[in-house]
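Across the two complexes that follow, chain A remains constant while its partner is chain B and subsequently chain C.
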Partner chain A sequence: MDIKITEQADNLLKDNGVRKEEILDIIKNSESSGQKLKSKDGNTCIAKGASENLTIYAVYSASELLDVYTHKMNILGITGGEIKPVEYDDASDWICAKCGEVALERNVDMSYLGVTRPGPGLVCAKCGEMYVSAGMAKSTLKTAEAILEEKRA
Partner chain B sequence: MPAQDYIPIDSDWLGKAGSLWTTPWVDKPSDRVIVDPIILSHAATLYRKNAGYFYSNPDEAVRMVCGACELYDVTPVGHYLYADYWGADYGAEIKIQTNAPPGITNRPIKTAEDVDNFEVLSTEDLVKGPTLTTHYKALDTVKNEYPQMFAPITQLGGTMEVATNWASIEDVFMWMITEPELVDKLCVKAGDHMVNACRATAERYGANVMITGSVIASGDLMDREQIKRFSYQPVSRAVRKVLNAGAGPGVYYHLCGNHTDDFDLWKDAPMSPFTIVQIGYDGQNIFPTSKLVENFGDRCTCFGTVDTKLIDRGTPAQVYAQAKEQVIAGKDSPRGFILGTACECPTNAPPVNVHALVRAAKDFGKYEKF
Partner chain C sequence: MEPISTVESLCPECLGKIGGIKYAENGQVYIKKECPDHGSFTTLISEDIGHYRQMEECFEVNRSRARASLTDVEKGCPFDCGLCPSHKQDTCLAVVEVTDRCDMGCAYCFASSSMDKSLDPDMETIRFMFETVKKCQNEPTCIQISGGEPTMRDDLPEIIRMGKEVGINHIELNTNGRRIASDQDYFDKIASAGIDAIYLGFDGVSDDIYMKRTGKKLFDIKSEVINRCEKAGIGVVLVPLVAKNYNLHEVGRIIEFAGSRVPTVRGVHFQPVFYSGRAPSGREGRITILELLREIEKQTRGQLKVENFTPSLMPHAHCGATCLTVIDSNGFLPLTNVSLGALKSASDVASKTKKSIMGRWRGSEKDAQKSSCGDLLIKSSCCEKPLSQLTVKGSCCEKPITDILPKNSRLGGGWADFIEMSRNSYLTISTMAFQDVWSYEKERVENCCIHVVTRDGRFVPFCNYNMTDCDGKFLYRNAT
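This part shows the complex of A and B:
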């Protein structure tokens, strides 16, 4: 898979402190394992790479890196412990490529600086893989991380 | 009263109160549970003013609230809001009342056709509207004069609350029986409105807390299926959209009234890392904090309550006894705890009852988990 990194995408990588090789590795690993989210039209994928301190996401098409985002909050698991049916439409616009299941919008427990709280996640009910959308990571989680850094300092 | 007539907030108190208020959100150890009696127009009575004066003068209102926070030793945040937000932006008439919060007297939606034709205002239009103009006057005053007590909120209410500020409660409840799809439409529009309103506050101030939940949609007026369909589901969709739009991150689920039959639904409502759940009543009784913590304690911050009727008409000893029971049950809730009232502190509540509430937190709310 030959992924083009435009100047705009390169700036996103720099803004997020992610190296080109790192993001390409994340995409490569996701492509080989199938562990990724795919948009319903099949044109866009989200790959995830998690280290101890940072979770990095690549949003990409067959030819191009479209977006990069990260969060420091570490996803621990489903809030409340297990995936049970909820009484609202929790289907997201994303499909787990490995399982073919629609990813569900669910609360996931996230930990940062010793504090564990819920956050909005995307979860495959079959394999249990958990992701965070770009909107949530770039706004809600960024703000939450900043508040925790200030208040826990 | 102009700003110079108020004494400055005591900085030592502010530091200590700020520390207490931080604990439930970020687990930073402090001495005891913070109290939030949801002081709004009650503050006016401490200055020999009435609710009408309070709501007609948003800048003075928040000065009074900030002063009351110090006087009572409670959550150091300057708030201004009332339940009937958003009607006036769409053509409703608001009546300022002497001894109660403002109320809507004439609503813009009167027929089923009105629902179909009703258009939700954009974020830009809402910013220019009467609700946010007044709301921002209050928030700007806090930001400029009491910056350490500034924590912007957006008073959304839930979808049923917004819907019944647009159409009369009698019509909405009649449609729930005769044309429920019409109420679905109304609730979708209310949800869209909530997203636009929250976005407006986020664009102006950055991080903010949305107050949502289910007030009209409670067990005394609606059954579980109705609450699920017209409140829980559309509110959940709206909160997701608000968070996705970057207009959070605070989420305050204010479940006022009786929620015996539907409280469990809200366990799976969308949550951010700064989410708080408050439930008013379990049947006719105050919602037990033990039950609140059992169901929500491993999910989010819990807001345990004392009956506002007791705050308004009970004795200090009765308030103290109920507050003691609630704070002991909740103080070490895993993801934080706040003690407060089931709803807004009644305008003319005796100050000694608010004091009794705070005393109980001081006497019995010392943390053991740190």
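This part shows the complex of A and C:
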């Protein structure tokens, strides 16, 4: 799989402090293990990887890296400990590529600098793999991290 | 006895320059100094050498000096204040005293206030003091109008307006609150003149405390000041003087009260008693920073621990400690902890402190629109901006972060609530240990950033300005 990294994507990598080789490794690992989210139309994937205290996500098509985002929070697990039925439609637009299950929008507990709170995640009910969406990571989590880091700023 | 360092200090009897040593004994830190004429004096500085050292390790600031020194070095610190060229630190808060008069007659008063109206500076003198600040202090300029009790003056609104005309960026008012609570018309004028924050004397949440210091019941008055400031969108900092046998047992309840009145109350600033000016004889009331922090830990049932207080970005590691905390339904959630290591200072101490004074101690959310330094300052890699101005770099556009935060996520995201809470439910708890002639260390005062402006246009570090010998005779105040 030959993924092109445009100048724009390269800037995103720099903004997030992620190296090119790192992101390509994450995509390669996901492709070989099948551990990734796939859009319903099958055109876009999200791969997840970790480097020291940072969770890194790659959003990509068959040919190109589309987006990169990260969070420093540590995902602890499903809020409440198990996936219980809910009344609302919790189906997301993503499918767990490994299990073929639709990923569910569920709260997951995330922890950073001693503070733990729930936040929306994308969860596969079968394998239990947990992801965070780009919107959530780029807005809410980034701001919360900045607030918690203010003491060190 | 384990020596720590030598210190340059003053004799409590004659205010002469004398030397001494700082040392640890049985785990406690002391200063012992010797005057050839008046003998030796020993003062406890900290109960725990471990904590004392930890505060030093945690303290790291870059300094900037004042734009220009106004006096020469002749006799050496602390006798050439003005500032002199050996002073290492620019002003972060300039104190402008507009009267010596006060209606309170407290048992403790470092200013030793009296009631002679003819001694008040006239408007021209005050304008000159404001202009001196504008000329000498690096931007942005921060002033505290103090006294005496500034609200003794009917022309206080004009004084505030004049300060704004001169171009002072932030003006806060140090007050006992009595006139604000009783005279709505007067308060409205102060508010419309542009006052940025109220620095409210607040020694306790029960009238017993106020009776002890002033012989008056004042708690309802203090509450009413907060009510009025809330309506006017003006931030309030509660400022308790703390002493043993006085109100030390109430510090936890003061913090709880402050928490119940955020966001109008922005912070609590504890000032351990120091023996300058007027104070009951003997020095039994004295407490160290560590003693105060231990009481706070005990009285908040461990919600705010000693370790949550880091050295204030102030003159010196031992001048103050600060804890930033968020308040949620379960109580306090401190954001600071000494174990997280030294502060990474990107800018100098005065500008950081000014930002803190302006950002945290200003008004509540209503105020944010009219001010560029509105509320919580979020530090990103290259700039400090209020949350509402923080933008997020997306792949194609930049939007204010508040626009893209999920408003009513059906999942009830706790982190979104956390951010909302941090913006509106945020309290700064700090303490500053002013120096008196017993605890005086030249090294601390040389780095001081809180300066009183004299009527002839000089700057004198606060602790020097109020320094008295053991008979209450001032080194600078009333001598200028």
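By our rule, the second predicted complex is superposed on the first by the 148 of 153 C-alpha atoms of A that agree within 3 Å, B and C clash if a C-alpha of one lies under 4 Å from a C-alpha of the other, contacts with A are read in each partner's own complex, and residues count from 1 in each chain.
One rule holds for everything that comes next: a contact is a pair of C-beta atoms (placed from the backbone, for glycine too) under 8 Å apart; a residue touches a chain by one contact, two chains touch by 3 or more.
Computed from a predicted model, the values in this text were never measured in an experiment.
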Simultaneous placement of chain C and chain B on chain A, clash or fit: clash
Contacts of A:12 with chain B and chain C, given as first, second, both or neither: second
Which of chain B and chain C A:88 touches, first, second, both or neither: both
Which of chain B and chain C A:133 touches, first, second, both or neither: first
Which of chain B and chain C A:147 touches, first, second, both or neither: both
Which of chain B and chain C A:46 touches, first, second, both or neither: neither
Chain B versus chain C as contact partner of A:107, first or second or both or neither: both
Which superposed partner A:80 touches (first chain B, second chain C, both, neither): first
Contacts of A:67 with chain B and chain C, given as first, second, both or neither: second
8-16, 170-178, 224-232 or 314-322: stretch of chain B that collides with chain C: 8-16
Contact residues of chain A, present in both the chain B and the chain C interface: 88, 105-107, 110, 114-115, 117-120, 135-136, 138-141, 143-144, 147-148, 151-152
Footprint of chain B on chain A - complex, ascending: 73, 79-81, 84, 86-89, 105-107, 110, 114-120, 133, 135-136, 138-141, 143-144, 147-148, 151-152
Residue numbers on chain C that touch chain A, as the complex places them: 310, 324, 333, 335-337, 340-341, 343-344, 346, 376-380, 387, 390, 392-395, 401, 404-406, 409-419, 422
Partner chain A, residues of chain B touching it in the complex: 22, 25-28, 206-207, 228, 232-233, 236-237, 240, 243-249, 265, 267-268, 270-275, 298-300, 335
For the chain A and chain C complex, residues of the former touching the latter: 8, 12, 15, 67, 88, 105-107, 110, 113-115, 117-120, 135-136, 138-144, 146-153
